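One structure, as structure tokens, below. Some questions next.
Which chain is which? They are A, B, C, D, E and F, in the order written, and residues in each are numbered from 1.
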Amino acid sequence: MVIAAHPDDPEFGCAGTVMKWAQAGRHVTYVLLTSGDKGTPDPEVRPGRLATRRESEQRQAAAELGVAQVIFLRHPDGMLENTMELRRQLAAMIREHRPNIVVAIDPWRHYQLHPDHRAAGQAALDAVYAAREWHIFPEQLVDGVDPWRAKELYLFWTENADYWEDISCCIEARIAALMRHASQITDVEKLAERIRQRARDAGEKAGLDAAEEFKRFQF
Amino acid sequence: MVIAAHPDDPEFGCAGTVMKWAQAGRHVTYVLLTSGDKGTPDPEVRPGRLATRRESEQRQAAAELGVAQVIFLRHPDGMLENTMELRRQLAAMIREHRPNIVVAIDPWRHYQLHPDHRAAGQAALDAVYAAREWHIFPEQLVDGVDPWRAKELYLFWTENADYWEDISCCIEARIAALMRHASQITDVEKLAERIRQRARDAGEKAGLDAAEEFKRFQF
Amino acid sequence: MVIAAHPDDPEFGCAGTVMKWAQAGRHVTYVLLTSGDKGTPDPEVRPGRLATRRESEQRQAAAELGVAQVIFLRHPDGMLENTMELRRQLAAMIREHRPNIVVAIDPWRHYQLHPDHRAAGQAALDAVYAAREWHIFPEQLVDGVDPWRAKELYLFWTENADYWEDISCCIEARIAALMRHASQITDVEKLAERIRQRARDAGEKAGLDAAEEFKRFQF
Amino acid sequence: MVIAAHPDDPEFGCAGTVMKWAQAGRHVTYVLLTSGDKGTPDPEVRPGRLATRRESEQRQAAAELGVAQVIFLRHPDGMLENTMELRRQLAAMIREHRPNIVVAIDPWRHYQLHPDHRAAGQAALDAVYAAREWHIFPEQLVDGVDPWRAKELYLFWTENADYWEDISCCIEARIAALMRHASQITDVEKLAERIRQRARDAGEKAGLDAAEEFKRFQF
Amino acid sequence: MVIAAHPDDPEFGCAGTVMKWAQAGRHVTYVLLTSGDKGTPDPEVRPGRLATRRESEQRQAAAELGVAQVIFLRHPDGMLENTMELRRQLAAMIREHRPNIVVAIDPWRHYQLHPDHRAAGQAALDAVYAAREWHIFPEQLVDGVDPWRAKELYLFWTENADYWEDISCCIEARIAALMRHASQITDVEKLAERIRQRARDAGEKAGLDAAEEFKRFQF
Amino acid sequence: MVIAAHPDDPEFGCAGTVMKWAQAGRHVTYVLLTSGDKGTPDPEVRPGRLATRRESEQRQAAAELGVAQVIFLRHPDGMLENTMELRRQLAAMIREHRPNIVVAIDPWRHYQLHPDHRAAGQAALDAVYAAREWHIFPEQLVDGVDPWRAKELYLFWTENADYWEDISCCIEARIAALMRHASQITDVEKLAERIRQRARDAGEKAGLDAAEEFKRFQF
């Protein structure tokens, strides 16, 4: 399960890894906290319209990567806060979908300037913790819903990577998926090159041609 | 759409009316903010277990009344607060289900001692207002989801009734539905008689044998 | 000082009284908590644009009534909450402008369905209380800013009126001022007649031809 | 158990009744949410100093009435809010002291202008409800602390009185106790006469010489 | 004064140091924000029961270490938030107990995944700051309660240690104390060895056989 | 625009740089979130009095540095929280004043023990982000107020400096300005020497005699 703040966050952060996992037969679910409804410099584009377009872009990108399911929680873009209510909602997601792996944004990254990214990352982690306890949010634990203990946690956009996933196989396909977020992209070639460079840089640390990097926790 | 705090609130408050409407072909949806997970004097009954049982009781009761759909939001029983987040969630419900009529608890009732009842009523009303505006919670207004303007609002458990629904047809069937909430009922006969008496009292004000009473708004 | 939630609230609620007071030489200030930025059924009208228009309408209406000053706090329309922060902001207003009379919306009115109206009324009253204390919000009490004790409080949109202001003099001028809020009005004649009727109804209770009614407190 | 916002609230609202109950052998506990630390027109009196004095006045007044125990929670005067945290704290009080009767301020009173009085009243009532449930605030229910169900609830400063306590016996002693709050009283004689008048007015409704009035609930 | 989130936090983090200080005649107080009421994988163990057991375990462990006093604030385990209300409560503790040294969890530690640990650490630090100011929470400063300025601050579970306490004397006694938290421990030997290893690792940095490490501030 | 928590924060953190910029013709605005109303060890100094004095000190210091404008938001000292409401207020400031550069406190600094400094820094950064979006706080975007995209962000009190401003020109003048905050300074010479030393230390990293250091972002 990938928990992120906006459509395109997964494709910017961990799409190669997602693709490999999907190809290996894993069932991948995206949970998008917002639908990116405010991400436009054009005042005449209404938030709901933009959300429609971005959800569609996200579904296409996810489909290309082999993601099985995309869930939109439609919180307001740009105004996410790590409240107990959001933790509750994400814990319910985790308890329902029972992911072995949760992928999220690293909220401890210095100078993570986007408030949504900090809030989304922290809420995801706090929900992973809450989801496994019988006595936290016990109202969710109706028959068929049990506490769930994710086995691994991968944080992307991190400055403390300790795990590198080789994405040589998938670098171009992953860039193609990113390009589905056309509403957010101005210079396609420049962005593609930026992603390639970033994959090379990450790979270099691990002796790989191209990699995505994560801070990983195994419980 | 009936918005209430706990399983059994609708059956206590407006089940006869619901039954008549359902028989008349109206599509009735229940939205239960909590699953009543704390409603037991037995400390050994876990909240999740109780929620399971009460959701089942609520589904049975609703089925007997002809309710088409029952939705549980699973907020924690006994701790509801009328937050902007709850308003957002209920506005999304209203925009998705597009009810002509919203039925809710009257939050202005003097000495409504249950905090959940006040919160549920107020949140429902504030959501009715929010749901109709293009620029409130615009992130919800993706294609296929538009603002929605409920046409009527019925408040039950009110001390300012101005509308009485004749439920002579349905009084016993409505009591039978209430009895489905077995986990909450100790003396079946006494409760049945209490409901009958209340229906007679309400009816008397309107020259009816048996009635349920509401404060009604038509927009 | 008139504290209200939206442009047009004062003109709907107390404009005749305001006009009389202004004509009698009183210095009247409007404090508008929001600029009514969401008050449109047209999704293509941006909130900022609408706020611009409504602030302009409000300034015109106020000018016609003789209001000396109009202050817009630009909170988000439709989402007001009676927070400690809003109380602090209004207490600062009261301490700065030192009004003898504060006019506000009655938040206790049963079935005041607009959440902004309840919040605006309650926040105004709580601020009147806070403003007079030396030890509440003491950070505001720099030289030249002292606690301030309003002498009278008038609540409009009330169901417990105990004061009627004769507005026979001003009923048509007051309706003209209301008409400045053209963005919010569809049927001019119908609205004018509604205001006239309401003034007659209120007046009747006090033996006047036309009145506005208030719940009044004198401290 | 009397739950009130400020020192002197009990003596203004229900001291005659408290005295009768104490004389009849009941164990009365006062819980004061604030120590009235902001109740002075003199900017040079520090809040802590005033709190010291008012706690002392309250202890003296309580002692004269026969109150067994006075507890000060020392929330900030003038800024009480009915939060879940305050409800939790009051529920713990109720579970610890196990009162048969809870006396509190009526929060539904129209035009209860003091925000602390509304908050204190509502929090007390919500805590009475919470205190009796096994699954609300379960972290408090360590050995020796059980849920507690108050048997009666008396609300003072109400406009819906349905119970009158004859205080003919105690009217002067009760006024004497009130006078202990010397920091809050300017004209002793005027105040004494006001209390006498109020007791006469309340008594008249019930055919008594002097009474205190309450909205009463028996569970 | 040691401020921690759960029973067993002090024994995991700083028990050797506590023991040395107690033996040296210092008066040590524990403040536990929660009673660890949710720390069980067994759904049938009620939170209150577990809290009872864990408070008892904590008292035993503290007694063995020579801790003079253990205070339980009984906030809900797993749901701590660093609110102004918690800061207020901890500032009152500090002002009452007047500790020269405050020991707390380092909230800045990267990947401190337990939300309670972050909240408890931050709240403790913010309270240390607040406690020393005359004008913060002035309602607490009744006679006998003055602002209090802790002289030193020790943070445990830190990645920026700059102080190492030699605990060679006490390593086994400290492990024994930890073992009192039997409800939280599955493999006694493995845990003991883990603690020994950690003490050796910490000691190595400072040329000691066994140490506990802290980020220390001296004011 | 320099956004800081208290009067004297800018003079402690970035006054030399401010002076150079002002001398180079840049229009510098200070936004002070609090007026430092609690910064005294003397309980008899009222917060409002102290705020008066500190605002005056701040105005003098700013004048000497060539700052064009000083704005005081008068939030309560010592109790700042990074709320959505504060973000809204700062976004309005940025949209109104349209600064090319925003200078703020680095909220990521480890062991930034002052809660106001963390809150002020984070709120400033989140406001920079919000200010540039058309659909965040749209109620502010009336005619004449547009989204605003700051071009550079300088964070002071940082442990990750990547920009050093040569302040050799201004070190003594900047110290003189700091000395205007006489209410906060006990040992003038010691403080002056501390500032000189800090400037030398910062300068050394960049091969300068005296510098102020920043973490800088260019967008």
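Keep in mind that, in the parts below, a contact is a pair of C-beta atoms (placed from the backbone, for glycine too) under 8 Å apart; a residue touches a chain by one contact, two chains touch by 3 or more.
For clarity, every value in this text was computed on a predicted model and none was experimentally measured.
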item: Set of chains whose contacts include both chain F and chain D; value: C, E
item: Of A-F and D-E, whichever chain pair has more C-beta contact pairs; value: D-E
item: Chain separated most widely from chain E, comparing mean CA positions; value: C
item: Candidate from B-D, B-E or D-F with the same interface as C-D, over half of contact pairs in common; value: B-D
item: Chain located farthest away, centre of chain F as origin (C-alpha); value: B
item: Centre distance in Å when chain C and chain F are each reduced to the mean of their C-alpha atoms; value: 37
item: Averaged-CA centre spacing for the pair chain D and chain A, given as whole angstrom; value: 53
item: Set of chain B residues in contact with two or more other chains; value: 37-38, 43, 46-48, 77, 135, 138, 141
item: Those chain pairs that satisfy the touch definition; value: A-B, A-C, A-E, A-F, B-C, B-D, B-E, C-D, C-F, D-E, D-F, E-F
item: Contact footprint of chain C on chain A as seen in their complex; value: 43-44, 46, 48
item: Complex interface listing, chain A residues touching chain E; value: 84, 108, 125-126, 128-130, 133-136, 141, 160, 215, 217
item: Residues of chain F defined as touching chain E within the complex; value: 37-38, 40-43, 47, 77-79, 81, 110-111, 113-115
item: Contact footprint of chain D on chain E as seen in their complex; value: 34-35, 37, 46-49, 51-52, 55, 74-77, 83, 85, 92, 137-143, 145
